[in-house]
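Presented below is the structure to which this report refers.
Order as written gives the chain letters A, B, C and D; numbering starts at 1 within each chain.
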Amino acid sequence: MTAPIPLWEFVDVSKAYPGVLANDRVCIKLLAGSIHGLLGENGCGKSTLIKTLSGVQQPDSGQILFNGQPVVISDPQAARQLGIATVFQEFSIVPTLSVGENIFLGNMPRSRFGVIDWKKVHADSAAVLAELEVDIPTEAITGSLSVGEQQLVEIAKAVAMDARMIILDEPTAALGEDEIERLHGLLRKMRDRGVAILYVSHRLDEVERIVDEVTILRNGRVVRASGETKINVSEIVSAMVGEDIAEHYPKERNATQEVVFEARGLATNAGVTDVSFTLHRGEVLGLGGVLGSGRTEIARALFGTDDLTAGEVRLNGRKVKFRAETDAIRAGLALVPENRKFDGLFFNFRASGNITAASLGGLARFGVLDLKAEEKGTRDLIRDLEISSQAEEKTVNFLSGGNQQKIVIARWLFSDAQVLILDEPTQGIDIGAKIAVYKLINKLTRAGKSIILISSDHDELLAMSDRIAIVQHGAIKRTVNAAELSHDDLVRASADPIDHNHRHPEEALA
Amino acid sequence: QDYPAPVPLAEGAQAPIDAIAPKNEPFRIAYMPPATEFNYYIAIGEGIKAVAEEEGAEVFMLAPQSGADINGQMGMIQDVLTQDVDAIIFGTHDEFAAAPLLKQAVDKGMAVVMINSDIPNFPTPIHGVVGYSQRNGTHKIADWAIENYGSEPLKVGIIEGQPGYHSTERVGGFLDGIEGNENFEVVVSIDGKWNVEGGNTAGMDILQAHPDLDMIFAANDYMIIGASYAAKALGRSDIVLLGNDGDTSGLEEIAAGNVTATVNTSPFLMGKAAMHATLDALEGTYPGGWIETPTTIEDSEGALAVLQEPEKLFPQPSKEY
Amino acid sequence: MRRVFDTQLIGPFAAMVIVALIVALTTDRFLNPGNLSNLSLQVSIVALIAIGSTIVIFAAGIDLSSGSMVALLTMILAQMLKFMDLPLALAIPLILIIGASLGLLLGLITAYGRIPSFITTLAALIAFRGLALTFNNGSPIFSLDPALEPIFYGKLIGIPLPFFYLVFFYGLAAFTMNFTKLGREIYAVGGNPAAAVLTGINVRKVQATTFVIAGFMTAVGAVLMAARLNSGSPNYGQTLELQAIAAAVVGGASLAGGRGNILATLMGAMTIVIVQNGLNLNAAPSSVQNIVLGVIILLAVGIDMWRAEISALMARIFRRTPKAQTASEKKAA
Amino acid sequence: MRRVFDTQLIGPFAAMVIVALIVALTTDRFLNPGNLSNLSLQVSIVALIAIGSTIVIFAAGIDLSSGSMVALLTMILAQMLKFMDLPLALAIPLILIIGASLGLLLGLITAYGRIPSFITTLAALIAFRGLALTFNNGSPIFSLDPALEPIFYGKLIGIPLPFFYLVFFYGLAAFTMNFTKLGREIYAVGGNPAAAVLTGINVRKVQATTFVIAGFMTAVGAVLMAARLNSGSPNYGQTLELQAIAAAVVGGASLAGGRGNILATLMGAMTIVIVQNGLNLNAAPSSVQNIVLGVIILLAVGIDMWRAEISALMARIFRRTPKAQTASEKKAA
């Protein structure tokens, strides 16, 4: 049997950025009717390859073959004309425009005379959304949607192009299990129609379920070409990292009986309806729920960002009221936000400025900073947490996602926070960095700190939490020991309608 | 008589006085100078107001802040045209821009009188012009300078106003006055933007570039005041500083010895004359034409004398002389 | 049409009407027909220039150069008419081309030189006035061409010509923004330039185009200015750029780009001019005019920003008739 | 000290030196001591105001109000000295307090009213000048207090006093930005306001504080302006805000906020003043001055933006000695 001619093929494609060779003689074959996984650690060059194929940038050398013929993809418009549709890692929707317009952006249906046909824009985009089983009005302003919904619009945008090659760069980072299932269903349908699909994700469990073949990159090079790796998480991991990783979830149990933090009947105008839980010293309390169930909103309510309309918060047994984030931080709370790029990092600072940002009061005497203490404290942390030593000299935009995430967490180690709320702390970082974050969580609980962990990665949530609180519609429905919950339980529990038997949940202790 | 006898305007520049048709009782009159940024026009306005009070007429002032905002002034004239005013007393930095609007005013039966001008042939016929001869005033101060300082060679710097009629005429008058006198050499001439800040910067710069300057003439008092600070800062107390206007603060600076002399054009009295002429025009007793108001050259002694008659000044001097 | 006259117009329209009502109450001269046609003259120059300023803002840029460019263009026009004896029919198109070209220059520097438009146009604000001063030794040029004046002061069926320019150019702009590829690309670039690049929009070209439009509309304004004042002067147009931006802002355009309705700018400009007209009719000094304009700008943006808070406050004040009830009441009626 | 005199200063310093060299070559009057002390007078007002403008820019804001505020404050000072007979020793502190309070007002509107600072200060630019006009019927007030002039023209050990003000305030500003909590917070807020909120920085307070600083420094500038001209006028300070912003920008401050060195602003201001001085010494007309200033602003920002491209170009031009080789050559030598 002769191998079929690939729809697209990269032959020895290289691409360098100032200081890095992001793609080094990469070869990859993308077949029609196949879902091709592209995997590797942060910064190994996946997005670079995708940008090259999408016409965003030109390769420094090498050839791109289309149906066996060399082509030049001069710009994104050219890629589109060649039947390539891409969901980029960075959001590429325009928040100020309607959903319908975003779906057809750059490709708006026009009548004769070049006048935009708005009826068709909305009718066609509604059809695409229906195919995705997404219920979003096409007239809605995209920026007002939730992050997950915006991600679905992105995907709809690619689907609407009716392309022969669809590229998805971490499409599921902002999606819940439910949406992921729907997306996978759609991708399988398209594959069966003969579409070629290139799929990038750091959630290996999900990759395992959907891809037909994988290519693995390390430091810009292909280390395993398609067919060389079995599609199985541990094989993929050892190929990616270059060594066997025995334990993906090195969980330590440090929970004690001492209650540190307690919420009773919290509600806000932002969608929190009824939240009660207790948090013990050294414990990791996971929040499980579907996309949009309001876990981020719970974090905001706890942290003083949104005003409470009902309920109370107790810290070390005493009632506290946070009028603003400052109050919460002063009391010993910390929030690692779900979007570190927009809400977490100061790209104009080096690691030291980022790490001390929440502790300037403690570093200052009469308003003057003790720069020596800052230097020493941060250097120790950088070494302790195995953060790249570049972080000492360069601003943090030069660091990988994993290093960036460690710096955001280090900020709260430096400030000696007692209760940390980690919202999707491993989103978009590679398996190696994930494990580093898990070890950091252990380090924190070992030191007697308590953690509220929000994660859409169910395996991670189950493995790393001591107990799990199930969130639905902004309310905690019940709290159970993580050990007593299986993956399926969690999916079912968080999707369940309100369970009347658990109206007054008895807290199960770890 | 409340004002000197008018001189007829140029052929075709006189609008018929008998076509003026006042509508209000008492008369409603708009005073529309080119800008509020110059004390000078405020002083004229005070003269107008003083007469209005005596004679029982209603006056209001409308002007943009900046003299450069000609578009703004035209907008204001347009807005006034939609009202029932009986007369417009105006001054402008751009007569050609104002002409079409003032034509409309004349056609509507308003009395139209121009102040602080000596233009005998305004581009559209109007009823009267009140002002001193710009050229004669600065010619006089040149004569005065020759008389007092002309015995030995002098290097002269000139600070002009922003380009336009007033700057051209005033600087022209001064240059005419010194023309042919070998002892006067004009070495530099730059723009001081009509204001103190501009005069100061200009003064600083020309004194830097020409440390041997003996005399500065500026086209108005503000600029020479600004230049006087520059001279002082550079330790040049010996330099002769000449202005134009007779602004109260200018006179006070002269009395204090900071500025040498100015052309006193008595804006307050000019305003009174203009208002009398306008009222006469509305009564039909003004024959039309240009009323020339007098100018005098005031050095420190003369300035003191003027300051001792505060009733003829606006604004009032800051102290009693 | 629903697209052109959308809900974004309600606020600016209401503001305009309220201001007009207040002015009409303070002086009976406001509503006389002479004054109303006068208003269209007063608003025309700034409103036409504001089309360009607004479109630049839609693409998340800012144009500070228009006032100085007006000065420069009136001087060039005056030069052409007075000293080069060009006929009007040639000079005016040339001025429009020059305006568009200067806009193109600024657009290229901004888009392809990757210099923030605030800086490019700040430099132009300074440099264009310098250029204007190089003509005729910096002196204004008066009394240009008798045929120039009617362009501003002329009437058609009793209506001032500038009214028709406004209808034409705002119509064209509204059509462009809502129904053409270019218009939508401008919004996309303003809303998220990175996304626009990835969807194959030529972001730099679009940005540069907004400055070409701005340059062109500034030239239209400059021709009207020269016609109104029958002269050219290096002093014209001072702070006109700020007035044009104020019109856009009072109309609700967000300086962050990506949203706004071009017709709202016309209403913003009208609001400002009505206030000035009202103050002029009441002979208010220029000090008051400035203070009021400053306050209006703040209020317009403030009301837009605090919309949620204000409606919450209103709801609390009129607590006895919450929304649901009103709806049912309607049904009952 | 490495912190204060960091690499960000190299560019602006080089620009200043190059410009000074060029000017010194064109005229021998430039380097005479009288002119050098004149330079510190010329630069002082704009450079002091630019401290505030720059700090506002560091926090990702913009202050367009300083020119008008200077006018307002000189009028208030003149009013106090001339008509209320306050002693200087009382009037000057009062003016500084009023300046800081006006800054606070703008800061509160911006930070707590969530109105973009461009708009708040645009409104203030217009309204403050209106307010200035309400004093003394809008007329300037002259001959204030004989003791006022020495504040600007006075000398200490032969050096003009403004030189010491510059040293003091720039020293204080550099210390604040580099060694204090407030300075760090200003950079944090400018770099990423959302992250600053989540790290417990009171973002609104910090933003408001930058405007208080700007108001205070503007008041310092206003006192010097009044001392320089021994008068107050509603016309003072026109476009001064743009000159102050130009100084910051030429010094390399990014309008996006979060980065820049305050001392670079002093160099930016010096660069601009040296160029103007050079042109004045060569009796260049104001048209040329404007054009040159515009070009300098563009060049300064352009060189900053295209640094990578320029060094790549340089490398290509001097291809025969690529870096590696140069290094080994050095070793050999």
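Here, contacts are C-beta pairs under 8 Å (C-beta built on N, C-alpha and C of every residue); 3 or more make two chains touch, one makes a residue touch a chain.
To keep track of the chains, here are their UniProt names: A = Sugar ABC transporter ATP-binding protein; C, D = ABC transporter permease.
Please read all numbers here as calculations on a predicted model, not as lab measurements.
Novice: When the centre of a chain is set as the mean of its C-alpha atoms, what distance in Å lies between chain A and chain C (ABC transporter permease)?
Specialist: 43
Novice: As a quick test, compute the distance in whole Å between the mean CA positions of chain A and chain B.
Specialist: Distance between chain centres: 73 Å.
Novice: When the centre of a chain is set as the mean of its C-alpha atoms, what distance in Å lies between chain B and chain C (ABC transporter permease)?
Specialist: Averaging C-alpha atoms per chain gives centres 36 Å apart.
Novice: Which positions in chain C (ABC transporter permease) are in touch with at least two other chains?
Specialist: 138, 285-287, 290
Novice: Could you say which residues in chain A touch two or more other chains, in rising order?
Specialist: Residue numbers touching two or more other chains: none in chain A.
Novice: Considering chain B alone, which of its residues make contact with at least two other chains?
Specialist: Within chain B, residues 36, 65-66, 191 contact more than one other chain.
Novice: Touch graph across the chains, line, ring, star, complete or other?
Specialist: Graph shape, chains as nodes and touching pairs as edges: none of the named types, so other.
Novice: What chain pairs are in touch here?
Specialist: A-C, A-D, B-C, B-D, C-D
Novice: Would you pull the chain D (ABC transporter permease) residues touching chain C (ABC transporter permease) in the complex into a rising list?
Specialist: Against chain C (ABC transporter permease), chain D (ABC transporter permease) makes touches at 62, 109, 113-116, 118-120, 122-134, 138, 242, 245-246, 249, 255-256, 285-295, 297-298, 301-302, 305-306.
Novice: Touching residues of chain B toward chain C (ABC transporter permease) in the complex: what are they?
Specialist: 30, 36, 60-66, 68-71, 74-76, 78-84, 94-97, 99-100, 123, 162-164, 168, 191
Novice: Can you name the residues of chain D (ABC transporter permease) that touch chain B in the complex?
Specialist: 29, 34-35, 38, 41-42, 82, 129, 133, 136-140, 142-143, 149, 152-153, 225, 228-231, 233-236, 277, 280-281, 283, 285-286
Novice: Hey, which residues of chain B end up touching chain D (ABC transporter permease) in the complex?
Specialist: 36-37, 39, 42, 65-66, 188, 190-191, 195-197, 200, 204-205, 208-209, 222, 225-226, 229, 232-234, 249, 252-253, 256, 315, 318
Novice: Taking the touch rule as given, give the residues of chain A at its contact with chain C (ABC transporter permease) in the complex, in rising order.
Specialist: Residues of chain A touching chain C (ABC transporter permease): 54-56, 75-77, 79-80, 86, 88, 90-97, 101, 105-108, 110, 114-116, 118.
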